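When the chains are written out, they are named A, B and C in that same order, and each has its own residue count from 1.
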Amino acid sequence: MKRPVITLLTDFGLADHYVGAMKGTILSICPDAQLVDISHEIAPYAIAEAAYTLSQAWTCFPPGTVHLAVVDPGVGTARRPILVEAAGHHFVAPDNGVLTMVYDAVPDHEALEITASRFFGRPVSRTFHGRDIFAPVAAHLANGLAPDEFGNRVGDPLRPGFSKPTSTGPKTWAATILKVDRFGNLITNLHSESWQRLAAEPFEMRVGTCLVTRMASNYGEMEPGDPFVIMGSGGFLEVSLNQGSAANATGVRSGDRVELRLL
Amino acid sequence: MKRPVITLLTDFGLADHYVGAMKGTILSICPDAQLVDISHEIAPYAIAEAAYTLSQAWTCFPPGTVHLAVVDPGVGTARRPILVEAAGHHFVAPDNGVLTMVYDAVPDHEALEITASRFFGRPVSRTFHGRDIFAPVAAHLANGLAPDEFGNRVGDPLRPGFSKPTSTGPKTWAATILKVDRFGNLITNLHSESWQRLAAEPFEMRVGTCLVTRMASNYGEMEPGDPFVIMGSGGFLEVSLNQGSAANATGVRSGDRVELRLL
Amino acid sequence: MKRPVITLLTDFGLADHYVGAMKGTILSICPDAQLVDISHEIAPYAIAEAAYTLSQAWTCFPPGTVHLAVVDPGVGTARRPILVEAAGHHFVAPDNGVLTMVYDAVPDHEALEITASRFFGRPVSRTFHGRDIFAPVAAHLANGLAPDEFGNRVGDPLRPGFSKPTSTGPKTWAATILKVDRFGNLITNLHSESWQRLAAEPFEMRVGTCLVTRMASNYGEMEPGDPFVIMGSGGFLEVSLNQGSAANATGVRSGDRVELRLL
């Protein structure tokens, strides 16, 4: 008998009791769960960063895994809790776009709104749905309950635009910084496969206080101190600096907009 | 067969080998343990913060869980190691007050002093009882050993005063900041249920450099920049700031004292 | 049936998806693994720090444990991936010295080069061998595959000199700081047992901007503010400060060199 895997992704940090409380709730319902942290250090309320981080990890897990993604600036408002099935995985999250990149990767996903309050903690607090709604639903799913026990299908989960750049003119695009990694690299939403031509065509990318005009194929070929564009390991173009932090050099942060122009 | 759950709460941080060494010790004795971190980011030696953090998490776990709480400024001195049973849970900790809020929540708890050195690592170091005493005792408990194998009952575990405010006059109280959360909210030891009247009665709370005079029912109703009191999700009054850190605004830290006066 | 234990030690940090991706990869191959983090907060590329941290933790785990150590500045270059057996434990790591202190502790260890690419993820990325090579090999080992399935024995794993001081004259030695712990203590590579005489003999240790001339047997006997040498819990001499950070006082960091002279 394989133990069911439940992953956790939040912006709760590790100093407080929140993650422990969610895990205790899960184990009270599904004692056999194999609990795996993706990250709890998502910047507070940074939905795009959470979506990117989840997109880089979930495909490594076995089918049947339940992924909990609780980055939830709208907790206590009318935003829906949702349950999504995609490629044999289950996702439990607030319907705020944190699963956008799952929808991009698996077009034939199915989403339902979680309404079956008989599975929720009692009482449901105003501020901690991670413990009171999302953790118990994930645990019951891991126990083998069918998704349609939790609510009805919905066709319109929220898909904010951050996962793809926006065309703003014949040769210009507005892109978004999905995440700043621990080395200060700026991960954009420009998919590497779609933008390979930047290696050959002249371009300008306005990144905060800097104008970036070169694409590198590896770090070593660039001078320290000059920001450049490189294909990152996550499948997106990254703005990087040899021996330095591109975030510090440009003043740009997670969620910020950068402008790309082909010359 | 359910796997026994052991939770860990320490001030060891995650950069060093300490938590890993404790977990290896546990798994050498109880290979089937389900290990769950509550937090390892308690401020060094901050017993009140550890007590509060534990109090918010342990009740989410299933009965039978063993909770290890190793925040231990007195390691190497004569302070006792203790084992506490409360509401079907077991707690293993130094006898320094870190379990105070468990005693508050479960008046009919039972405590015993851990003396059975046959269960300890050999030799017991002067500085790392987490690995040499507390981890092995927790693991043997999780294996099903009866608590009275570890020592004799004691009636006087240490109960420092931090879990409740002190009356300092007919209309004045001294309260303690149990914890500063990651957003800079100051969690007091003023139980929300006992102090609901602050919503209606005029009061002054001296919090470091600030005088707080308003209670809010939600964040949005207050101006950015003005500290206020609010009922926190943990059951205690918190001093908060809309869009800011109350800790920074007031200069107050975990363990500090604040003064409340009814007008 | 005992669940196989796999420990993880990296410099990936906990904010990004890297550790989660490795764990998902492991569980896809070995669903029953008991995963334990040693640390993911090793300073980027700090091989000596990783070697020290691993040395303090692995001996606490039961025989049969698989230890993954991925601190890998040479990823993408020709450095070999290796598999080491020592004292009934298995170690999977890049061959860059991160296992040096395992070799010191277990002289009759055996090492082999990992070449069996049929176990690797496909395609193997240039930058994330933790996910694509080391995690799958560890998982297959935990499943019970014999080490010689993964490659051929090698007799020359890399052993950088950082684990022992170097004699630089009749009464002088160059030592290395293996790690700065969270309190700012500087852990040297001077083994306590070999250097007990510093308690009795006059000496000078040049540590960054400070000259240290005293050995203490406990913290309390020293004045706040004066750095001193003390036998640390990890078996090595440490440079410490009563109520302060020796790292801040001396300006010394992980990997730096200090000079010892007997007078």
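By definition in this document, a contact is a pair of C-beta atoms (placed from the backbone, for glycine too) under 8 Å apart; a residue touches a chain by one contact, two chains touch by 3 or more.
This structure is a prediction, so every number in the text was calculated from the model and none was measured.
Undergrad: Can you tell me the C-alpha superposition angle of chain B onto chain C, nearest 5°?
TA: An angle of 120 degrees brings one copy onto the other.
Undergrad: Chain A-chain B contact: same residues or different, taking over half shared as same?
TA: Interface between chain A and chain B is built from largely different residues.
Undergrad: Approximately how many whole Å separate the CA-defined centres of chain A and chain B?
TA: 32
Undergrad: I need the residues of chain B touching at least two other chains; which ones are they?
TA: Residue numbers touching two or more other chains: 14.
Undergrad: Where on chain B is chain C touching in the complex?
TA: 13-17, 19-25, 27-28, 31-32, 35, 44, 125-128, 131
Undergrad: Can you list the chain B residues touching chain A in their complex?
TA: My answer: residues 2-3, 5, 7, 9, 14, 34, 36-42, 53-54, 56-62, 65, 179, 181-183, 233-234.
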